[in-house]
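Here come two complexes built around chain A, the first alongside chain B, the second alongside chain C.
== the complex of A and B ==
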C-alpha cells in the first residue's frame, strides 16, 4: 500500500499562525494513522508570499496543499487521500 | 588582525560563607584599537565590601588603560579613589592588568597579586619585570607605605597561555600538613602545567576553573578566601558562518550558495527560504525533524554540508535573548535556538552572511506577533556577541 505523504511547513509565518500548535500535537495523528502515513517538515513552502496570505499555516498531503492546516484539517486531508475512501459514505 | 585569537576565561569562588566575591574580574574590548583589557582585582577582606573595592579598582584600571593613561597615573588614581576600610583604616585592593593589543602585544601591570604565569610550549617563562615605585603626593591616610607596581611586556606566540590568580589560590590549604604555607605559586604553576600537559587544547575558562577548584579542594572544599583564576589563551580562531536571508536579487542565489559551501568552519543556515535556496543551488536535500519542537521555536533541520538549519527570525531572536540572559546551553531545552547558542559559544570568529530581501509575509499586519526585520535582529545579535562575549564578528550583506 502506498503511504500517504504529509509535509508540514515550519517556516516563520506558518509557525506563528498556528503551525506550532499543529506540530506540538502531531503525535496524536501519528498514533491515529500509524504507518499509513509518512511525516516530514519543509523549511518554507513559500506559499505565504504567493498571494495566499491569511491562509497560513500550510501543509501538503500527497502534494496537495492544505490551507489553514490545523490538526483537524490535516486529518481530514489524510482521510481523503487514504485508499478506500468513500466506501459506504454514499457521497 | 593577527592569526592569534585571544580567548579570555575566568572562574571564581567566593570565600566560604560569603555570598559575594571580593575578587573582581573584568575584561573589555577597546574596539577602535583592536585591544583587549582584562583586570583581576582582589579587594581587602571579603564579601560585599571587598567586592566594592575590587569593582572600583578593576573598573578604573580598565578605563584608564583603555584611554592610554600612564601606569603611574592609573595606579595613583586608583589608590586615591578607594574608600577607606572602617575596620582596618586602610583602603586597598590588588590588581593585575593585562593589556593585549593586536592579538599579541601584551603589557602586564601587577600590584600585589601573585605573579602571573606565561606558559609556552609546556614551560612557564619568566618575563623580566620592571618595578615602578609610586611616589605619593600629599598624604593619604593608611595606604601601604611604598606601593610598587611591576610592569612587564611580551609578544605572545600561538599557543601561549597567560594565567593569573588571586592569593586565595596560592594561599589555599595554608596551615594544613600538606601545605603549611599554602599551595604556593609553585604549586599553582605545577598544576597548571600538568593540566595543560594532559589536555593541550583546554579552553581558557576550563583551565581557570580547574585551578580554582583545585585550590578550593586544598581548602577542604570551603574556600578560606576568595579564589579567582583568569586565563588568556592565544590560539587559532574557531570559525562559524551563519547564513540568513535570501539575497535581494535572485541572480545572487548562486553566490550565496557558493560562499556558504566554500566557508571553512562550522555552518548554520537560519531561515527556511534561505535553506531552500542553498539546497536548490547545491542540489541537496533538507530533512526537517518534527521532533525537538518548542511552542515558539520551529524545529531544526539537517542537510549535508551544514552543521545546522533553523528557522530565521524567531530563532535568532531567541538566541539573542539567551545571550542577553547569559544562559548556558546545558540549562536549556534542546531546541534550534539552544543548538545555535552552543555553536556560538564554541566559536571565536562569527561571520554573518545576510540576505537583505524583505519577507513581505512577515510584514502582514494580521500577524499575531511583530516580526522584526532580519537586518536589525542580526545587528543586535552581532553587537552582543562582540561586546559581551568578546567574539570577533563580521557581517556581510548580499
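== the complex of A and C ==
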C-alpha cells in the first residue's frame, strides 16, 4: 500500500512558530498510524516568505499544504489522505 | 499545560515583529502599529473586545522592550516614547519578571466544583465522606458550601461519576516557592523575595500574565551600532549555554554561524566555563567540602541558588565556584574588557544572575533566551539549516553535558576520578542529582545529610525538570532537545 508522505517544514519561521513542538511529538503520529506514514523534515518550503507567515508552521501531507500545522492538524490531514477515506467512513 | 498554545504563539509572534522593526531601525515609528497589525485578520477576540486585546498587546510589548507591565498607568503614552530608551543599560538588581496584571484573570482560590455530570445518586459518597459537612443536596444535585469546604478533595475522589472537579489557580499550582500572592481584587503578583525565577508561572498561566522583561532591544541596538559610536572594543560576544545549542535540529556549528549572521563577532560555548566549574567543584570535594560539612551543592543553576538560600544550612553547602556563565564571561572580559557579552539560554533566572547587585561583577552585559534568539533569526531571515557551520570554541563533552540533569554531577565526578588517578588522596564520592524543584523535592533536599566520615556528598540540583533542556524559554520539545544535546556533546557536524 502507498504510504502517506508527511513533510514538516524546519525552516526558521515554521520551527520557531510551533514546528519545533510538532517535531518533538512526531512519535505520536507513529503510534496513531503505524507504518502507514513516512515523515521527514524539509528546509523552508518558502510559504512564510510568500506573505503567509501568520499561517505558520507549515507541513505537507502527500504534497498538500497544511497551514497552522499542529500535530492534531497534521493527523487530521493524514486521515483525509488515507486510502478508503470517502468510501463510507463518516457517512 | 501544553507547550504549544495560543499564549506562546502570541508571545513569539510579537517578539518577531519587534525584532524585525529593531533590525530595520524602525522601532519607534512602527511599534505602536503592532497591536493593530496583530488583531487585523483572523484574530479571535479573547478579552471583552478587540480594544482590550490591543491594550494587552501593548503591555506585552512594553515588557518585551524591557519595562514593567503592571497596571495600566501611562496608557496614554505611545510605545514609541518607550522605544527611545529601550536600549538603555539594565540597572543592577532589577527584577527580571513582570506581570501584565491587566491580563490576569484574578482566578478564584482553588476550589472544588460539582459539575453537570452529578447524577444525584442514592449512595452520595461525596456527602457521607465529607469531614466538614460541606456537601448537601440542592435541586437533586450535590452542592458544596464554599464557607465550610476545606479543599481536602475527598468528595472528588469519592464520586463514581467523576462529577466533582478541582479548579486550581494555575500560577499558584505551578510555583514551587509559594511566591504568588493575591491582591484584594484577586489579581496575582509575584513576591520578588520568595520567587526563585524558575519561570514556571510564565508557562502555566493560561492568560499569559507573567512575562519576562526582555533585553532584546538593547542587544539588537548594540549589534547594529556603527563602529564609530562604540567604545574601544565593541566586539559582541555570544556565550551559548549547552541547552541553547540544543534547540535546533541542526549541528551546533550552524547555530553558531547563525549567531554570527545576526551580528555577533564571536561565539563562545558556555561549556568552556562549565569545564572550569567542574574542576573547581571537584577540588572543593577533594578537600572534603569542609564548609558544607562534607556536602557540596552545585551552584550552576541560579534558580536553585535562590531556592537554596531559603533552606536552613544549605547556603554554606553551595559551591563557591561561579556558574558556567560567569566563568565564561570572566574568560572573555579578561582578554577583552570592552567586549559586549551576551549570554543565551532557555532560562528565566540567568538575567537575574547576570545583573545581580551582590558581587558587583559585570562580566555578562545582557541575557537573551533561546526563544528570543529564535525570533531574531526569524526576523532577520536567517535559515539555521542553510548556515555554513563554523567551528566551535572548544569544550569537553562533559562540560557540554551541563545542559541536562545529571550532567554537572557527571562532569565533576569525572574530574574527581581524574584527581584520584593522578594519585591524590581523595575521599570517597557520593553523588545525587535532583531536577524539577517542587515542594516535595525541596523538602527531600532539605532532609539530605552528608554520608559521613571518609566520604563527600555531591548534590546536583537543577530547577527545571530534566535540567536546562526543560527550561521555560525553550523552543524545542525537551525530548527532542535531549537528542540534539547528545549530538552537540559528541561534536557532530552533520
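FYI, the second predicted complex is superposed on the first by the 86 of 91 C-alpha atoms of A that agree within 3 Å, B and C clash if a C-alpha of one lies under 4 Å from a C-alpha of the other, contacts with A are read in each partner's own complex, and residues count from 1 in each chain.
The rule is simple: a residue touches a chain if its C-beta (ideal position, glycine included) is under 8 Å from a C-beta of that chain, and two chains touch if they have at least 3 such contacts.
Quick caveat, the model's predicted, so the values are computed rather than measured.
Engineer: With the two structures laid over each other on chain A, which partner does A:46 touch: chain B (first), chain C (second), both, or neither?
Structural biologist: First partner only, chain B.
Engineer: Of the partners chain B and chain C, which touch A:23 in the superposed model: first, second, both, neither?
Structural biologist: both
Engineer: On the superposed three-chain arrangement, identify whether chain B or chain C touches more chain A residues.
Structural biologist: B
Engineer: Just chain B (first), just chain C (second), both, or neither: which does A:8 touch?
Structural biologist: The first partner, chain B, only.
Engineer: Considering only touches as defined above, state whether A:70 meets chain B (first), chain C (second), both or neither.
Structural biologist: After superposing on A, A:70 lies in contact with chain C but is clear of chain B.
Engineer: Show which residues of chain A both chain B and chain C reach, each in its own complex.
Structural biologist: On chain A, the overlap between the chain B and chain C contacts is residues 10-13, 15-17, 20-21, 23-24, 41, 43-44, 49, 54.
Engineer: Which positions of chain A touch chain B when the two form their complex?
Structural biologist: Per the stated touch rule, the residues are 8-13, 15-17, 19-21, 23-24, 26, 39-44, 46, 48-49, 53-54, 56.
Engineer: Within the complex, which stretch of chain B touches chain A?
Structural biologist: 271-273, 275-276, 286-290, 293, 295-296, 298-299, 301, 309, 311-314, 359-362, 364, 366-369, 371
Engineer: Of all residues in chain C, which touch chain A in the complex?
Structural biologist: Per the touch definition, chain C meets chain A at residues 3-4, 9, 12-13, 16, 41-42, 247-249, 371, 374-375, 377-378, 381-386, 475-481.
Engineer: Tell me, which parts of chain A touch chain C in their complex?
Structural biologist: So the residues of chain A touching chain C come out as 10-13, 15-18, 20-25, 41, 43-44, 49, 54, 70.
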